[in-house]
Structure formats: C-alpha cells, structure tokens
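My questions all concern the structure below.
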Amino acid sequence: MTPLPANDVDLRVQLLSLMLKNPVMPASGCFSFGREVARFYDLGLLGAIVVKATTLTERMGNPTPRVAETPAGMLNAIGLQNPGVERVLEEELPHLAKYDNLPVIVNVAGTAVEDYVEVVRRLGDSPLVAAIELNISCPNVKCGGIQFGTDRGMAAEMVAAVKEAATQPVIVKLSPNVADIGDMAQACEEAGADALSLINTLVGMRIDIDRRTPLLANGTGGLSGPAILPVAVRMVYEVAARVRIPVIGVGGVASGRDAVEFLQAGAVAVQVGTANFTDPFACPRIIEEVRDWCAASGVSRVADLIAAANPAALRLRKERAL
Amino acid sequence: MTPLPANDVDLRVQLLSLMLKNPVMPASGCFSFGREVARFYDLGLLGAIVVKATTLTERMGNPTPRVAETPAGMLNAIGLQNPGVERVLEEELPHLAKYDNLPVIVNVAGTAVEDYVEVVRRLGDSPLVAAIELNISCPNVKCGGIQFGTDRGMAAEMVAAVKEAATQPVIVKLSPNVADIGDMAQACEEAGADALSLINTLVGMRIDIDRRTPLLANGTGGLSGPAILPVAVRMVYEVAARVRIPVIGVGGVASGRDAVEFLQAGAVAVQVGTANFTDPFACPRIIEEVRDWCAASGVSRVADLIAAANPAALRLRKERAL
Amino acid sequence: MVASARILRHTEIARGIFDLRFFSPDAARTATPGQFVHIRVSDSFDFVLRRPLSVCRVDPSEGSVTVVYRVQGAGTRRLATMAAGAQLDVLGPLGQGFPLHAGDVRAVLVGGGVGVPPLVELAARLAAQGTAVTSVVGFQTRAQAILQDELALYGDVRTTTDDGSLGLRGLVTGVLTQGFVDGANRYYACGPTPMLQAVQRTMAGLQVPGYLSLEERMGCGFGICVGCVHPIERDGRVQNLKTCKDGPVFPAGEVLFT
Amino acid sequence: MVASARILRHTEIARGIFDLRFFSPDAARTATPGQFVHIRVSDSFDFVLRRPLSVCRVDPSEGSVTVVYRVQGAGTRRLATMAAGAQLDVLGPLGQGFPLHAGDVRAVLVGGGVGVPPLVELAARLAAQGTAVTSVVGFQTRAQAILQDELALYGDVRTTTDDGSLGLRGLVTGVLTQGFVDGANRYYACGPTPMLQAVQRTMAGLQVPGYLSLEERMGCGFGICVGCVHPIERDGRVQNLKTCKDGPVFPAGEVLFT
C-alpha cells in the first residue's frame, strides 16, 4: 500500500443513522458533560460525545477514595453521581447544542427497569439527544447496573422495555464480567438493541497494605485503562462475529493504533475513557493519529478498516449492507 | 508498629498439611519443570514449586506466535505443550528430589474428565508429588480446560471425580472468565476441593494492525501480568470470604508488596507467573521483599498478614482454626 | 494549560522532600495560592494518573513555578529522579485557591507536613496586601520540617512536632488558643484530613472564620471524572463537590467530615 | 548470566538501525556467534517481556559485547533512547549458536536485514579457524544496508536489495547458484522466515548442508514459557523445540516450515 497525503483520508464512519465525522468519541463517565474539556479544545472535533450516566433522580455517589491507580490502569467507584435526568436536560446538555454535527449520546443508569424506562422516556423529548446508551454494566452500585449485565434474561427484559419507551436508537453497553459475552450480545440483539458498546470496566480491587484495608471506600471498583485493552479487543472481535448490529469498541484506547485495532476487530467506532485523564487532549490526538496511520498505510477510508482482521464479522457486515 | 530486624521475620505459612518455608511459589507454565531456573538460583529457596500443566499423553501445543506483549502484561496461547504424564514422571520431576522441603505441585490438564482422572491416578504413585493443581481454566485449548472452569456443574463433577482418584490433596485452579467467582469457588469446595488457586488468565486478543490479523496464531490468548492484579486481588478477596478451604493468590505478582496485598486479601500463599520472564530472579527477590516489608512494618509472622484486610475471611479463618 | 515545562531546579530540602521549580510563564502569571498543578510523572502506562501538587511559589518575572513535595509512593519516587533540564508534563494551574480579603488585619495560617507549601505563596500575597500573617506549622519530626524560613519572611512562625524534636511537642491545634488568634480576621489551613478536622473544630470554637484546602484522591484533576468529591454544605444542602474544580479550598464552615 | 551492563557506545549506523556496545566481561568471554542476549528495555511494566538481540561482536579484551538492531516497535524505540553510560539489564548469552566445524574449507554465510549481525562474529571465528568465508547479504534498500564492511574483513561479500538500489536487485537466493556454492562445505543463514525457507530449499537442491537461525516471538528467552517453539524433525519425530534454549540455530535439514 502506498502512503497518501493525510488530508486525503476519509475518517467518516456510519453508526446507525448517524454519519460520524470520525470514529472517536469520549466514553461515558470520562468526560462529564463536556463543559470542562471545552476549555481545552473545540468539542466539534469529536465524532460524537457520550455523557456521564444519568439516573432518574439525583445521586450522591459513593464515599471517597473513589479512584486508585493500578498497573496500566485505574479503578473507579464513582457510584453514578449525577444531578438526575431533569437537571441533566436543563443544565448539562444545552451547551452542547452549539456544536455542529456533534451527536450527543446519553448514558442511562438506574436500579430498576422502571427507572431506566422513565429516564429514556424523558430523554425522548429532547432533540439534542441522538442516542441512548444503556448502562447495564456499572459495577459500582449495590443494586442495579451490573446484575442486568450479567444475567441474560434480565438484560433482555431491560432492553425490550427500554426499546418500547425510546424514540432514539438504543445502544446497550455490555459488562465484561461474564463467561460468555457473545451470548449476552445476542440476547440484547434479539431483545431489540440497535447497537452495542463494549466493554465497561472489569471488577477489581486494590488494598492499601499499610492501612490493611481496601484502598477504595467502596471496596471494589471498575478496572479501566490500557490494562484491559486485550480483553476488550477480544470481546469486540467475538461479538462482531456474532451479531448483526453495530458494535462500538471501548477499553484502554490510548492511541490511534489502539483505535485502529478495535476497528479491525470489528468495531465501527471507539470510545476513549481513562486516556482523557492522563492526557486531556487524548481524543483529538487519537483522531489525528488514526488519520496519520491511515495515510502512512495507504488507507483512504477509515471505514474500510472495520472488521478487516475479523473475517466472520466482515462477512456479517457485507450481508447487512446488501 | 516498630521495625524489626529482617532475620526475626517468620515467613512460614501453612498450606493444608504442608508447612511452607515462605508463601512464594512459581505459577504453573511459568517455570517449566524448574531445570532452567535451577541454573540461576537454588530452588530450595522457594516455598513450593508448581510445574507445567501435564496431560495424559504428549501434546504439541499451538502454532506460533504463542506470546504477545500487552500494556503491563502479556498474552499466551501455549496450548498445553508437554511430554505427557509418563515422561513428566520419568524425566522432568526426578531432579526436584534433591531439594529439601520443596513441595512439588503438579498442574493437571486435559480434555475430558477421564483424562484428568487418569493423570491424577498416575501421579498418585509418586512420593515426589505433594499436591495436584487441577487446571480447569486453560483458555488456550479448543476442547477441555476452560469450559470446566466456567460451568458450575461441570466443575463440580470434575472435582468430585478427581478427588476420588487422588491420593494427594487437590488444589483447584479457577478461571476468572466467569460472572460469579464466589459461586464457582463454592461449587468446587462442595465437590471436595482441598484448596483453590486463582486466577488463571483472562481471555484476550491483540491484533497486528499492519498485517490485519490477530497477533497470536491461536487468535485469542490468556492475559497475565501486572495488568490483571486488581482483578485477581478482588477475586481472592471475594472467594476467601466465601469458602473455608485455603486460597492461593495468583495474578500479576511482581513485588513483595504485591504478595503482601494478596495475603491481606485472604490468600495463604501466592504464585508468581509472568514476573519470572521479566526477571528470572523474581521469586527469590519477592521473598526477600516480603521479608523486608514485614521487618519495616514490624510484622514478625507473615502468617499474621493472611486476610488482615478482609474481615469476613479472617472470621472464617478463625472459625476453621477452632 | 497543559505544557511541557523545563525543570529549572530540583533539590532535596529535607529527608525525602523535594523542591521542584519549573519554567511555565503562563502558570507563573495566573496561579493563585492554594491552586495546584497536575503532573504526569512519566509517559509510561505505569502511571495513568497525574499527581496533584500545590503551587508553593510563583515568580512571574522568571516565569517559574515551584512545588514542594514529599516522596510518598511510586509516582513521586519517579518524579524525584528527574533532573534539572528535563521536560515535565504539567497541567494547570487548576482549582480554586485561597480567597484573599483586602481588609483583613491579621490572618492565621495553619499547615501540616506537605500541606505547608501552599501557605508560602499565600503568606506573601497576604503580606503584600497589608495583612499581618502568623503561621503555625506541624511536622512529624524535625527531619521533615520545611519552609519555616520562607514563612518567617512574612511573619511569626510557630512550629510543632509530634515527637517534640522541634518546637512544641504535639499538634498544631495546641497552639490555637484564644490568646493566639486574638485579632485574627481569618485563618487558612492545609494539611492531612485529621488535622483539618481538628483545626476546623478549634477555630469554630474560637469564632474565627477560615478556609480549608482539602486532599482527595484525584483521577483527572479538572472535573471530568467525579472522583475527588467532598461533602460540602452549600445553599442549604449537602453536595458532593469536586475538590479539583470547586476546590481544593472551601470555606471551613461548609466542609463536612464524617 | 544476568547483569546490569554499562552502555559503552550507542550509535545509529543506518536509518533506524543502531549499534549498541555494552560492558559485560562474562558474556564477552563466553558468547558464541548465533547466541543472543535478552534485554530489558525499561523497568516500566509497559515492557514485561525482554527483547532478544543476536550477538554481533564480542571483544573479550575490552569485555564488551555488541548488538546491532533495527527500531521495530515500542521496545526497540525505547532502547534507542538510552545513552552511553546508562545501565542496561542484560540476560545472556543464551541459546545454541552456530556450530563450527574445524575441517571446513569454505563456508557460505547468508543474511537478510537484521539477520546479518550474528554473521559478523561467525565470519571472524570461521576465518580464524582457516575456513574461507563468502557472505551473501540482502536488504530492502540501500539505506538499510549494514555490516558489509565488517563482513568484508573476512571474505567476499555479495549484496542484494529488493529495489536494486545496491548490489543485485532481488533476493539472496538469486546469488546461490551451483557455481557460487562450489566447494562450500557448509552454509549458515539468519534472516526473516521466508528467506530462511527459500535458502533452505535452494541449498538442499545444491546439496550443501547448513544451519538456520530461527526467529520466533519469545516470552522468557531461557526455556521456561514454551512460547518460542519451532517444529524440528529430530530422532525420527517432529518435536516443537524451544528456539531460545535448543536454538535459535538448528541444522537446516531438521527445520520444518509450514
């Protein structure tokens, strides 16, 4: 393949009805609602934005410490702190209206199916919300969240109920803390999910050995960052070869090469989480690195990379395109 | 706590009927049968030795590449290459007889219950073998291995069958690729396991983006190394609070502090895997680091650290001691 | 806001405590006392999180910022290996620093351990606006005492140590008596949480208002992870505010401890 | 066997190709051509695996070992930043090198790219025992050609490049004709797997026995992980032997390619 000028690379990818200007978006909970990062760069550069998990009513979250460092990663146990869906709609989202072509994806969490449904219903009235990301995989709250993501039947029930209430497309975010991710993915697809994002965090723990107690106040937390990238790539690879709906890759993306790896595994786009903490400019940097890699590798359309290393997924993609 | 002279630290821990001179042993598959490392240091320094997975008949393993590097870790897909139990007994183990007080733990793998049982039966005749480690968690062979480790019923059946055939204590090595590790642990305990070791590797994948294909010939591989330590600590913590049999901690141990972390989580000993590749002297170094940490922290008996950060596990331990 | 800043000076000023000065004209111009910088100690994934360190001094004419830190764990140990001349990845200044009140006649500054550094720039600014400064600083032991000479440029300094090896034996609160705070309009405190809690209680009893600079573990340092919160009673309700963005300095009367 | 070795010299000898000399008297004394050293490029967990590099030259009097490597990925990129004077964590020499046969009159050495380095020490030892040496070395392009002068000290050197920018255009096997190998008792080859495969086939056809130095991804480098195996036909059966311990050099006739 002969190198290309970087400007000749077409970075666009199609996600459901949305044509994203590039395949890179921040991951939920790692970008708040965008206001802080807007001080650093133009959010209009992003392919899309996924905002912090939103629940029906305000949540205070867990006690601190809520974060801990691990080799090539971190643990978090935020516990879904957010002001509740009404204030999210009134106070947190409006500033995003000023960006051209910046699809806003709202991550939804809760403790019972009815909560999720109600949040989704309220978001349904907002023209700013391009899609819902259903967080059935949060490991950091006592009830709700992750158990929906590790039980096939509960996941399917949740997805079906939410789909009925939703006016926007529903992306279901899967938990990696399962024995068979392909099966969970299929259950969600069958229940009506429009797309999947994976992975949420792995459950982990660090102990403060000098104080002889878990470092996080919550005990356990969610492991994210480069450490989990190989697990995420494997799951994306497996799921993309199993379902016909689009898959968004999440987990440890810190460079353009990482993003390309997820695309080749079968993802149509990637989310960037922890890397935003290490480097506030991570997202625009990764977009440029994807562009540069494509140019150097003679790839004129980034969409051509999708599932390039995953023949079974590529076959499914082609079938779908027919 | 006031510091102690390093020589005053008692490193011994009790594992089943074995009094180990210290809590550090190499992990299966990361030390071969000990011969190569014996060129570097006296194996008699180790708390115990766990040798490479042994199957009924010789196995050639998977095609190469079999290893890949990942952030703070590596993937492997060795595929259980080994000369089969007869040659293991005849050629690989005898050299270990010359070490005083070096319990030899043989890791057993296979594809069907009968294979496992037969290997265990043959090992039963060897006075050199102090314990069996049942590998129901190898992610790198097509049939057998991991499916026993991710299905409650199959695990229990396997453990029961092996226990019936075994003359030595049976340690069951658990897979982390499950939604509920505590439940798997309990299933194994109820089926008669004498102890548990955890974790084996997480299933992962890397893609060679320049060649557009998974890097490992096998596609997926097992993720090990510091990256997985928080997952392993969490699982040890959970399992130690759930079962009454002893737990051995494995996953990412690279320093004395890491070993102490596992002990405080509830492990009675730790296994060191990937760190042997980074540093051939990892095991004796970690033993000395544990000693130094204890001395600096005023801990006179390393056994007192077990479950120190895990009140529920400590309670179980005390009940058991009564 | 994010800069690759050259290290101008890096010296050990007490056992395991370092003074690090780097070149960052923007930060030197804009930083206020009580704000912090968020430093990436290595480009290795061993450290995916940055380390927050308080601004100790700024020198706008030299374009330099100084932080003073103690080697605590792996990250600060790594930082301590970096030599003058090397480039440092610095984000900041971040957060809300100590508010100055122009009419204050006298202020009491209370610092514990590596909570002392931000008080130095604060003392300088208070003195510059004509507020008399008295400092009370506490350390575990003499070998870890730092920055008393710097603080002494701006007013009286009382020192306490846990073991009595320097100054008064005991805690900083032992110094904070009615007579000592007489005439003080305000206090400013930074140090470990138990100290802040004790100071808050003592000064409330003495009816002196003030500010506390809180220390919470941080993910991002600029408000996007919601990791670093502390319960703050404000507008009649308890809120978990971000210490990196809404703090680290809060009015003492608003800060809740559990 | 494991040493913290001081870097004596570290220079870029062609675009992205470095010559690294380090001080290791033991290794310099015991290493044989075809053996390798296993280098830890950083103490960061970003690199849990060491990198294998062939011994290119040893100088027992100076106590030095030289390796020549190409920057390939993150690890060698990191290695390339280390300056002379720095300490390097080196394990080795490891593996089985090229066997020398005292009575050989003439040997043909075949190298491709960064497979050329081990041939230099080999050529020196062959020459020292009176074996005439002819080398054939292939590169992608002129800018990546290395070590021809060093090899020329011990005999004729033919060069090929894929793009014809230096020497013959084409592959090394283009040179390996009946006439060329005439009188050769043996060949020694090191380079990328497709090259080794082609050389093995060609030389078998020309009925010259020889040795291949194989390249497999390594975990440990000394035999404990069983990651680096290659199928070898020995004692009448196919065995997956460890290239780090039983190799990297094997008799060409035993090596199976799929």
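Order as written gives the chain letters A, B, C and D; numbering starts at 1 within each chain.
The criterion applied here is as follows: a residue touches a chain if its C-beta (ideal position, glycine included) is under 8 Å from a C-beta of that chain, and two chains touch if they have at least 3 such contacts.
Please read these numbers as outputs of a predicted model, since none were measured by experiment.
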Going by the stated contact rule, which chains contact chain B and chain D alike?
A, C
Farthest chain (mean CA position) relative to chain A
D
Per the centroid of Cα atoms for each chain, what is the distance between chain B and chain C, given in Å?
46
Determine the centre-to-centre distance between chain A and chain B, using the mean Cα coordinates as centres, and give it in whole Å.
34
From the C-alpha centre of chain C to that of chain D, how far is it in Å?
57
Multi-partner residues of chain D (each touching 2 or more other chains):
45-46
Please list all residues of chain B that touch 2 or more other chains.
71-73, 225-227
If each chain is a dot and touching chains are joined, what shape do you get: line, ring, star, complete or other?
complete
Parts of chain D lying in touch with chain C, wherever the complex brings them together
42, 44-46
If we count contacts the way the header does, which residues on chain B are in touch with chain C in the complex?
71-72
Looking at the complex, which residues from chain B come into contact with chain D?
29-32, 35-37, 39-40, 52, 60-61, 63-69, 71-74, 76, 78, 81, 225-227, 254, 274, 276-281
Spell out the part of chain C that touches chain A in their complex, as residue ranges.
1-2, 40, 45-50, 75, 91, 216-230, 238, 240, 245, 258
Footprint of chain A on chain B - complex, ascending
70-73, 75, 150-151, 177-180, 202-210, 212-214, 219-220, 223, 225-231, 233-234, 237, 252, 257, 260-261, 264-265, 293, 297, 308-309
